[in-house]
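Order as written gives the chain letters A, B, C, D, E and F; numbering starts at 1 within each chain.
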């Protein structure tokens, strides 16, 4: 058994080694605080209660107080979001000291503009909800999809994050979509562009990349990847950032579960892509494509294939 | 920088726009409260502690108090579940006013009947636990699968939700299976029918549709879809609800990871479906089917394929 | 409506049935407590704050207190982990009574040794972070991947759990990787061996089995399975435990989303495996393999394929 | 040592005895829920943030959102208070069943009227705050007394409770003043009548009875009792309720610490009552009264008097 | 301004000084844990819900589950109390090591015996509740005193603590009565002996010493002290413990607010002691005693006496 | 019953009235945040765990980690206290804008100096603990008084607050002593000066004023007031601040429960003041003083005096 004296040296030794560590994993002490994932989740939940009144948050509001409630929630969102955006801006900002006036001012501008975008986000989400109801025979009413469907949750987070991405708020949009990714398994990069009446059914494993562009009335099932196939490296071997590398999906396309579409290809409008297809080329409009015929074969003995 | 006077009008303007919004996203104020996801999760956790005594909940019970503990937990479940079922019933119920006697009475009936089903649910889950132990060489004991395997968690939620689905409780069963979906990535519709000794290994991305029917001793791996291929629309373009549209999987079938099986096809007993297969046709008993041979090819240059 | 007298008998009857249940689902009352999932998650989060100082936990530390903070966190980890490991050891231990000196001593040994491994774990994770930055054009800096990428979270949990697995702590490593599985959809068995500079992008649906061995600079995308194909049964029909049954992936291999590789095959160094491939055979070094050509076909009418 | 079998009978025996208990301590099961102390404390804290804006609750409000915040807080107070008042009314109400329409309607009326009284309560409290500042040389500003003085806290709870008492809401006013009693040691019955510019310094041990009437600019120190001396009994030996039995204190009276004044006597305006006085008779205006001269004496030996 | 280098030495210097401190304030590290005040408060609240069913704890129990609820609460009390009593016993116990079998066994005995005392405690409390109702004209019903009167709360804590004191459980009884002291300002030593039908009105400042003995139907008002006058010292100057040093109060005595009675005197049955009296001698039965006549005098000028 | 339209106007009307309120009760919106009572309580609790190691906070520390724990706690105290002191300074500071560099710098200075005072505070408290043990025959050990005696809690808060008062930190010291006042009923102004070996027994109702000065080995019982008798007003009728107006109590004085001593008088060393005495004059050393003889009299009939 370890002796007490050894125990002491174990703890001290590990502390010493870790305290001396440098390099990629260490942030400088005394720097400004990181954005708070918990607060960002609170912001998104508050906005969800504003976008879907009566479904989330306080569902017992009375007629004469709805306006007070909205104003109060948005004021709280405003303050919290401003602080989080500032932290995101400061994450890489080089200004020394505990505060940075430029980040403060920019955070306030972004926040104010973001608020003005909420009514449009709400209009888009109304089309998504209708698409969910029309796209799933198991849905009894549009109401039910608002309250129970992971796809609606993920699209809501994405649509909010996309507005912040367009305003060049760093980190915060990604944290918003990662929060939805963790809950739903749906990973939509906030930089992607997605038209109205979008529906993702079940959704676990869906990936939509940063430069993907989706038209109207697109429907995806679980496990669909709209990803990058390859990307050029710079002279240091690092990937060159910001290059268009993801698929364009035109209006009225359906992609079945597990299909993988990679690269800046175009899936023409009205196409249907079958499940588990691996696709790295463009498709003309109204295409139908499925996996090659499966084959029957003899398996090995034992308890598996 | 934004002026204070502008800030005031931003907030007011957004509040006004959102307060006037109508249509699909708005519930009427003053309606009865929504079911509570948090409470439903509490109910399921309480039931898990009853179904797997000593593993979940209070693991330090003494011999002379087990019965008190069971009775107390079930009484609390009874009250909470009755309230949640009532809210589910009221979600679409048209009776005006703050209460609805009919929903109250129906919620009580469903809850009482549901309680009587718990011993049978427990018997089924015992076969599932044994199947997990026998189906995974990495499992050291059945105990371990109860405590650590996401498949057991998802099947438990499903089996509880399925009983409420059969009793026609709206919304609540779906919220129960979505809770498991969020934790495990396994999405089993509460309407599906699944026989004893069912095992899902790893599980992320599994989807089992509303009208799927699975026999005994079925084993699925992660990413398996038992989904709908297409569904007829009514004259308004909405999907016709309630039609049989998902696979039937007979006894002793194994389906490997990523396989997609769509439509009301039948996978005959004893069959093995290989990974990543796309299947929209029935298979006779004892079939073995795998993806068509993969091909070697030259990839593009760069950091990817 | 159910009568009160019936209600009483319903509750009593269910309690009686459940209290009498025996067999696989029941732990004996009075046994020692189960490991606590919540505490294990706290331990991992505390270690994350130690491994990535400034990113997680208390991000406002000052220069003169870093060492105190590290020492304090590690001391708390030490006590909590020792208790949890003891519970894990006691889970199957047959010693009667409320305590077991042997488990106590063994838990202390494992914990002390584990602490000495943290600096090495930290060095490995630094290579993983750099690999994430280099492997994703969407990443603006290595910092961002530490804070936002689910792959980094899952690999961190795995690398910690793997150390405990190597020290033969039961249950706890599995609970650690399952915690990451639930958040990220990435399921890495703590027994797997994974070299430096490992990157998983997006990650939902990734499965890496107990006896898998991965070299350096391996990159995986979402939905990749490195699983078992079949496994031999013993004379009782139970799977024989501990047999090598998962793939070996050599250095510098990339595997695209949704690929399923089963069995103890070897993927030679420098190979690239395309998305959605089903592979049960070894590949020589520098292979390129993709799914067979997809086919266009006529779909059924209606709202789907 | 107690045997397990004995242990079992101990628990069962105690449960049986307690379950059979009847009489004064038992409420009938199935009755409507009790008022919630925690909720009533939340209501008072919410009102405190409305009455002293910027001191309590959310102190970072911005100019354009104060109105939204007020409206939202008052709406929440309205709903919670209505429910608590209903529970208070139902506490003794004999109507059977889970709800009582009469209590519902009365609770709504009381709540609405109570809200209209808040501006007047606020005006009174402003005079109390000024009196605290003027009455204590240790107070640096009126602000400080709002935030730190237990007397202000107790008077605020009293003034709110008094309004509900006047509206004949049962139980709730008493719970409000008891909450202040517990925090400050100041016990003001909600039925007492107290004029403007009231100040209690330190306050621990102050008691002001149900039928006490205090004028303007009264100042009390800790330990002052304004209580009942005796009260008549009815034919069953129970005290006759509602009889005037407490002191009347006219304007501009100061009562020093520990004075006990009992019975329906009158302390004339401008009087000063010295500390530790026992007084059961009226005083004319502008009286000065102190305890009889203390005496020096020889004490017993030892460590005390 | 302090320099960073100074800041570092400040923290280090203070840590060094405090770490070296010895003597009365330091417990040895590695000793067994202290009793937990929070847990003891939970135990008392659980017992309150058992002693006053329907008033505290879960007030919505149904008729068929009361027994389950009681059994479950008492089982939880049993486990928590056993642990806390063990910690109390270990607080001064000299046995080295992390556990002490003797303390374990004694804690179990005390706990079991304590449980058997609960029905008697309940019977006594029923008389106290009736006394409160009869002793206060402001009380509308006995129910109200159970729920709102600090005297009932303090007496309940005392009666429970007194049972543990009689069983010689160290520390825990005192923590129980101190919890009530903090809430109500009533400080009853758990060693005091108090007969049935005991009522304390308002209560702030009441002190009842360890060796006080009170008969039946005693009524006290706020600020009454039943304390020690002096106590002999041993040869080291420490007070000799355990000597009878507090008043005996016979049946049917009333003591008004602020009276101080010190020493092992006897207040004869039926006596009434007026407010603010200082009494260090015995009184024969049926005495009436009040403070000497107060005197009017001229006060100093200014804002006070 | 109130109509919905009326309800709307009630809420709006009250909001309008309250929003327009001005004057003493309103803080300007947009000002810097108030000190946080909860955080100040956390700071005091953290310091208590540092001053009484092993009794409060984490009681399971191991020998090799005490120093890490101390350093970590003090670092957290340092950051939190700096922020709270800054808020206190800003409470009245007139500098516009969201931050104030001068308050920042001053808060840092005060905090650093305060930390260096902790070892001395600890030495003083050790004498207080010993005095408690020696002053109460009911105390079994000094340990017990640390953990259970409200007097020790109140003195600890006072001694910490007094250091901050001496450093001229506004508001925070008062909030610290008010926190103890609320828990114990003991109200010690942070400005008072109190020598070593100070003991307050029971304590409810004790008041010690801002300019009181107490020597060594003073012992007080519950309900003792060391207050101001009168205070001069300035030309506006406001009390003149900062004048010496409270008693001086020399070494080795005992004051029994309920005694009221007012004004800048001196109680000579070695004196004993009996309970319930009203004293506004100085006493020479070694005095003994008690209340004038109480009188027996005939009471009124009924249930009281």
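FYI, a residue touches a chain if its C-beta (ideal position, glycine included) is under 8 Å from a C-beta of that chain, and two chains touch if they have at least 3 such contacts.
Quick caveat: nothing in here was measured; it's all calculated off a predicted structure.
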Where chain A and chain F overlap in contact partners, by chain label: C, D
Shared interface partners, meaning chains that touch chain B and chain C: A, E
Farthest chain relative to chain D (centres taken as mean CA coordinates): C
More contacts between chains, B-E or C-E: B-E
Candidate from B-C, C-F or C-E with the same interface as A-F, over half of contact pairs in common: C-E
Same-site or different-site touching of chain A by its copy chain C, using the half cut: different
Euclidean distance of C-alpha centroids - chain E vs chain F, Å: 23
Centre-to-centre distance between chain D and chain A (centres being mean Cα positions), rounded to whole Å: 52
Chain C and chain D: spacing of chain centres that average the CA atoms, whole Å: 56
Interface hub residues of chain D, defined as touching at least two other chains: 7, 11-12, 15, 60-65, 67-68, 70-71, 74-75, 78, 135, 185, 204-205, 223, 228, 231, 239, 256, 258, 262, 274, 276-277, 290-293, 299, 303-305
Chain-to-chain touches, reported pairwise for every pair that qualifies: A-B, A-C, A-D, A-F, B-C, B-D, B-E, C-E, C-F, D-E, D-F, E-F
In the complex with chain B, residue positions of chain A that touch it: 50-55, 59-63, 66-67, 70-71, 74-75, 78, 105, 108-109, 112, 115-116, 118-119, 122, 125-126, 129-130, 133-138, 140-144, 146-148, 150, 183-185, 202, 204-205, 221-223, 228-233, 239, 256-258, 262, 274-277, 280, 290-299, 303-305
Residues of chain C defined as touching chain F within the complex: 58, 60-62, 64-65, 67-76, 78-79
Chain D residues touching chain B - in the complex, by the definition given at the top: 4, 7-8, 11-12, 15, 62-65, 68, 99
Chain F-touching residues of chain E, taken from the complex the two chains share: 1-2, 6-7, 10-15, 17-19, 21, 23-31, 33-34, 91-92, 135, 170-171, 174-175, 178, 181-182, 185, 187, 189, 191, 204-205, 207, 209-210, 223, 225, 227-228, 231, 237-243, 245, 254, 256, 258-260, 262, 272, 274, 276-279, 287-293, 299-305
